[in-house]
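Below you'll find a set of structures to go through.
Two complexes come next, and they have one chain in common, chain A, joined by chain B in the first and chain C in the second.
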Partner chain A sequence: MPEPSAATLIEESEETSSTTAPEHQEVRTGRSPGQVAWARLKRDKVAIICFAIILFFLLVAIFAPFLVSLEAVDPITGAKADPSTVHTELVDFNGLPTVGASSAHWLGVEPRLGRDLFARWAYGARPSLIIGFVAAFASTVVGVALGLIGGYLGGASDKVISWVIDFFLSLPILLLVLAIIPIMQKRIAAGGDLTPEETSTIRFWVLIVILVVFGWMGLARLVRGEVKSLREREFVQAARAIGVPTRSILFREILPNLVGPIIVSASIAVPAYITYEATLSYLGAGLVEPTASWGRTIADAQNLFATYPLWLWPSVIGLSLLVLALSLLGDSIRDAFDPTSRR
Partner chain B sequence: MRWTKVLTVGAAASLGFVAACGAPAANNGGAGGTNGTGGKVDTAGAALDPNAKGPAPEVPGAKKGGILTVPYASTPANMDPSDQFFQDTAVIFSLTHRALTTYVSRDGKQVLVPDLATDLGKASEDGLTWTFTLKDGVKFEDGTPVKAADIVFAAKRSFDPDLAANGPTYQREFFKGGADYQGPYKGDKNWKGVEAPDDKTVVFHLEKRFETLPYFVSFNQFTPIPEAKDKKADYQLHPLATGPYMFDKYTPGTELVLKRNPNWDPATDPARHNYPDGFHFKWGVDTIKTQTAILASNGDDATSLNWDPIDSSLIPQIEGDKKAQFEEGPSSCVLMVNMDARKIPLEIRKAIAVAWPFDSIHKAGGETTHSFSPASTIIPPQIPGHLDYTAEVVPGVKMNGQGDGNPTMAKDMLAKAGYGPDKPFELIYYYTNDDDIAQKVNQVRKQKLEAAGFKVQDIGVPGAERRKIVSDPKGKYNMLQSPRGWCFDWPSADSIIPPTFGTIALSGGSTTFGNFSDAKIDAEIKRIQALSITEQGPEWGKMDKWLTENYLLAIPDNNDKGNSVFGTKVKNVHNNPNKGMPDLTDVWLDQ
Partner chain C sequence: MLTYILRRLALALSVIMATLVSAFLLFFAGPADPAQAMCPETKCNPARLEAITKSIGLDKPLIEQFLTYFKGLFVGRDFVYAGDTVHCGAPCLGFSFVTRRSVNEELFTRFPNTVVLALMAAVVFVTVGVTLGIIAAVRRGSATDRGLVGASQVLGSIPYYVLALLVALYPVILWNVLPQYSSISAGVGPYFMGMLAPALILGLVTASSYVRYTRNSMIETLSMDYIRTARSKGIHERTVLFKHGFRAAMSPIATILGLDIAALLTGTLITEQIFGVDGIGRRGLAALRSFDLPVIMGTVLIGAVVVVVMNLVVDIAYSFIDPRVRLS
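Our next item is the complex of A and B:
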């Protein structure tokens, strides 16, 4: 999981600042740091392209049913494609598809089962995006809250929180997750019997919970450090002296100064979580049949890559492109928020 | 016999094989296609030839020399002859170890012949005492002569709960006092179940009639072990050879190199040749890479052989210009679609048989046309007495393990039995949810059964747990309980039907085909078991047909196939239909 640290932020921005043109060419008044960042972001071509790519995948995920319905009726099965119905009549006895990419199956059909690959691909974007965004949001909330508390209160609560952060950071996450997911699934089922759909739903939420549980520490540590230094600054001291309640100091005085690092951290967390979901599904600890997921498709398709590459490519390209776009956008956002970087 | 090949895509786990007592069926090779021609299997059941004499007839054109390399996917846990009861180690032991009896391949048929013994054993009048006499001039690799006491010691050692933990269990069931015997170290050293009255005679005392004992004593559990040289758990590092080859270098878990045994006398051995100078077994290799290299046949790969199921990506090659480098044939496993006849009435069982999507399930399981042949019988074709019939579930619908089911007809049958959309018949089964292929197979099975008007409750559990749940006769399921299939231990139907059907098998606390208890079935099994071995065959065949036509406790699905892929210099590879593995004693290398 990424841990954007304050140190690297400054280092990089210093490099860029030396090469960029001096500011104050025009006189501008009364712009918040957010407005400055937004103006910069709009001028960043990479950011715009990345944003377009992300928007494209978001639209694919949201309108997956509509896109799939655009495919023609299959002449052999006489049915429209959907992501879960198997059509074994479309594969031969060795499991290879007898039909290629066509108007009925834009990306062909899945070997062995004959499910429509375009439908699996479009629907497969959904779990990646939902898990990525939901987990990033939740882990940001948790990280910020604990960082604020620890940094501002100091003393025993800071010690406890720091210890918990260090403890969680020291855990071998991947190993632990592989072990925890089946256990949690069993716990939730409470000895009952699960159908595949129930299993997949449970796995979906368990994944989010686990990503949050193991993903908040970086941000919490970052926020805690920032808060510790902000706490001693004059405006906070002043607010404290005139008796502003702690809650207001935290949310009114300190938090607005942290918007930059928080947004940066969140925007880098999204692609990391998407990769994690795909990795876990690939390893068999993530989502299960019949849910369509890119990670699962990649795991299934790799053995037949030599004979049937069309199975593997769409998911690999989709996943790589989405993660790359999100990461680059995160970088751009970081640059835009960094007061020392000049573009 | 247990099967250790990790087959193509774990169709084993997927289809839910569950090992059961004496002869667990635990694999399934990839599997495949029902393209109509796949159903033919050469009949190769074991006949008996008590008079076979060594040496084995020469293979025409065979040359001596060279080292045959055998890389394959699984890894034997050890090489202890008392413990190993797996197909792959049985093939290795066939090169190094001689038992009381053994099989030879004659015109594609497996014939049981005497090996260390002079004949196939003599039974007493009541069938409870068997006597085998040993040949003269048989020596261990170190030159000491083989004595009857060595075989008796090995037989006792096969009872040891630690040294022979994975071994067969027939000796417990049939040998006198075998049920709770703990072997020569933990139990009575002078146990009387097997005795050696002199250096040349081995006597087996039985609890009950065991007409197929001559087959049983062909296993490596009945190869001689000199008591003085037994190092217990370390004996596996260098078990003393009696066959044409002996251990040269053995690295447990990695590789085994065999060299010629100077003390093997071909004149005493009716079954084995020793054409190559040695063998090199490599374990735990990557199947796809190995098979690709062997088909390309460069350097050492030209003298290599692999017996893992052929990977589906290589099928175009072995069906095309590399056809000569591939051999397939039946194996000992038969697979069924099992149902709980106590919970599903006959009419519904027939509807399931009509609806069952054989082809779709094979495709989803990643099985290929080279890994199975569709079956219409319980007894596989290579067993003597096999009756080749195809039952009709309802007039016009043949039950031959082929096709994709007829959902419309199944719906009509359900409607006739009083079930419809408002009151569907519910099928409950467990599937493995930690195996990718199993999940996919389940998707197909569920959708196809639902299309035929059934309500399906598919319960996903991890593989290890599923094994336990489906072998409990009181389970919640109403179909697909254990066993998924059965691998016979010797080519006689008495190692297939009695352990899988009827009250006796069920009362042992394990599940059976149908989980069904019926006085008529029990009586028939008892009647046939009392016959002599030669009379039993055709009777089992008739019972097979009678069971399917009248009871339909399980739907015949397919017979598993064995595959061998070998380099261009490897000659005379033929499949042993009793094991689904190649007979390595007949292979020679063209240098």
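Our next item is the complex of A and C:
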């Protein structure tokens, strides 16, 4: 059972005295740390602005086909824009676009391939968001599971799990990930001739798996430490004494006490994975063509950054703003769960 | 104390061994054929491919390949190359499949560039981060404090490679405010000037977390009873801040510093790639493109050893500073 700590009680009484009239104080009931955090988060202006920005990008990603269909029909090609069709008739023999930003191409077209840049940008929000949320969810599940097992069982399984955590934490992860992704890709796609789309889809899932494999340790260590101290507490010992099965002790008694740290860690993981994906795509081990990805666009556009900034900047701004908003929201969530923080 | 050090040492060794074995299995037993990498596809006939496979020992059983590699690490080994026998002294990391030079030479000649970059960045983030953190802590709650914390949060949240790339593209390449990287052979002055831009951006971004660490540590220390005692005795405020507060606040920072320098030595890869600094991270990245396995292995191993050794040093040093660690 989540027990409100002394600090939470103080916090609560302060809040009540500042927000409600004195006569309501007698009917005050206890609130869980989650409810307290939610109440604090709702009053945090930075968190609300960040949430609005994240919502904006979520909507762009979900309604990307609709947004792209709002662009006018191109007078030269006579077709509506889409993220993957190559239009070499829109670029000159140097590869530079012959058309600028217009009603048909809100951000112009891509040098060399002539693809519509707005469509690439809108669709590019999708892999970032999917990878960020899926990888954060999966690594949270893995981290919590291993942390619970190690911390609660102790003994040999704990030793093995702690050793594996130490082992993974001391690897030069970026370099290893860069090396493993193409190897895994080859192993999965061995022999067969794949279309670029299939290669791209395989790469997408390989990327998520690798991010989870190398991303669960921090939370596992945190959960393990917390569980180790919680299992000695009276309420857990009481549950054990009256014969509550281990699974119920883990999920009913111990896990609810860890909701705060788990939510905080998951919310910080989302921007971290998006950054990781973009970095890997930039270094050439992330997403591959024809998937539209902000990281890849930045890598491609840097060569023409001075002559054609419209290629580089939308992705730079999109990526930076999304990751910034997610990180600051994560910070706000952490502060909301931390009874000692006062900004 | 001795058992503690021995236990940590055993852990460190086991981690390095595990890295060695798993990296070897991953790279050498992986489906990527290194012989193919050395044999350009357009003019590669099966006979030549086989000759290359034989010459780099890829036809031998896996366990034998591993033992040869392992032996090379500790006692060195000999290579037969174009009829000559080349000795590669311990720790021998093998020969590059692509450039045909020893991996030790490939990596250790580049390592100083990585070290210089990491240390210059460390100077930036320690001075800037700690100074601003103290200012924020002393003026807690003021506009300065909020501005510093907010700026550090924003700087630390934007993807690092985007910031580094923008610095490389605009001030360095387009506006020429800061010079581009040039190797040490072009002169010591230009070399350090060229390191300035990558070290500054790497240092400033890392500093953003130090501002917050230092601020929190300092605030915690300044709320201690002994600080109040010192103040009530009428000791000058500056003495209280620096002699009584700063010293105590710095011990957790010192721990993180050791780990961060280790992380920088393996993590300057992005910075090196973007600014064209010829360090081991960039070499490793180039090796990845050509599936040059011995070089990739060497880079991963050096990285793992640096991190493990720094972890060990920090842990042991910390157990001297804080006796509670040893007892647990």
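Criterion: the second predicted complex is superposed on the first by the 313 of 343 C-alpha atoms of A that agree within 3 Å, B and C clash if a C-alpha of one lies under 4 Å from a C-alpha of the other, contacts with A are read in each partner's own complex, and residues count from 1 in each chain.
What we mean here is this: a contact is a pair of C-beta atoms (placed from the backbone, for glycine too) under 8 Å apart; a residue touches a chain by one contact, two chains touch by 3 or more.
Values in this document were obtained by computation on a predicted structure and should not be read as measured data.
By the touch criterion defined above, A:248 reaches neither chain B nor chain C. Applying the stated contact rule after C-alpha superposition, one finds that A:112 touches chain B and leaves chain C untouched.
Once the two complexes are overlaid on the shared chain, A:180 sits against chain C while remaining clear of chain B.
When the shared chain is aligned, chain C comes close enough to touch A:283, but chain B does not. In the overlay built on the shared chain, the residue A:195 is in contact with chain B alone; chain C does not reach it. After overlaying the two complexes on the shared chain, residue contacts for A:103 are found with neither chain B nor chain C.
In the superposed model, A:306 makes contact with both chain B and chain C. The partner of chain A that touches more of its residues, comparing chain B with chain C, is C. Legend: residue contacts after superposition of the two complexes on their common chain; A:32 is shown touching neither chain B nor chain C. Shared interface residues of chain A, touching chain B in one complex and chain C in the other, are 182, 284, 306. Of all residues in chain A, only 163, 166-167, 170-172, 174-176, 178-180, 182-183, 186-187, 190, 271, 274-275, 278-279, 282-285, 298, 302, 305-306, 316, 319-320, 323-324, 327-328, 331, 343 touch chain C in the complex they form.
Those residues of chain B that touch chain A in the complex are listed here as 32-35, 288, 312-313, 315, 357, 359-360, 362-369, 404, 433-434, 436, 439-440, 442-444, 447-448, 457-462, 476.
Against chain A, in their complex, chain C makes its touches with residues 11, 14-15, 18-19, 23, 26-27, 30-32, 146, 149, 153-154, 156-162, 165-166, 169, 173-174, 266-267, 269-270, 273, 281, 284-285, 288-289, 296, 299-300, 303-304, 307-308, 311. Against chain B, the residues of chain A that register as touching in their complex are 84-86, 88-89, 91-96, 112-114, 182, 193-196, 199, 284, 288-290, 296, 299-300, 303-304, 306-307.
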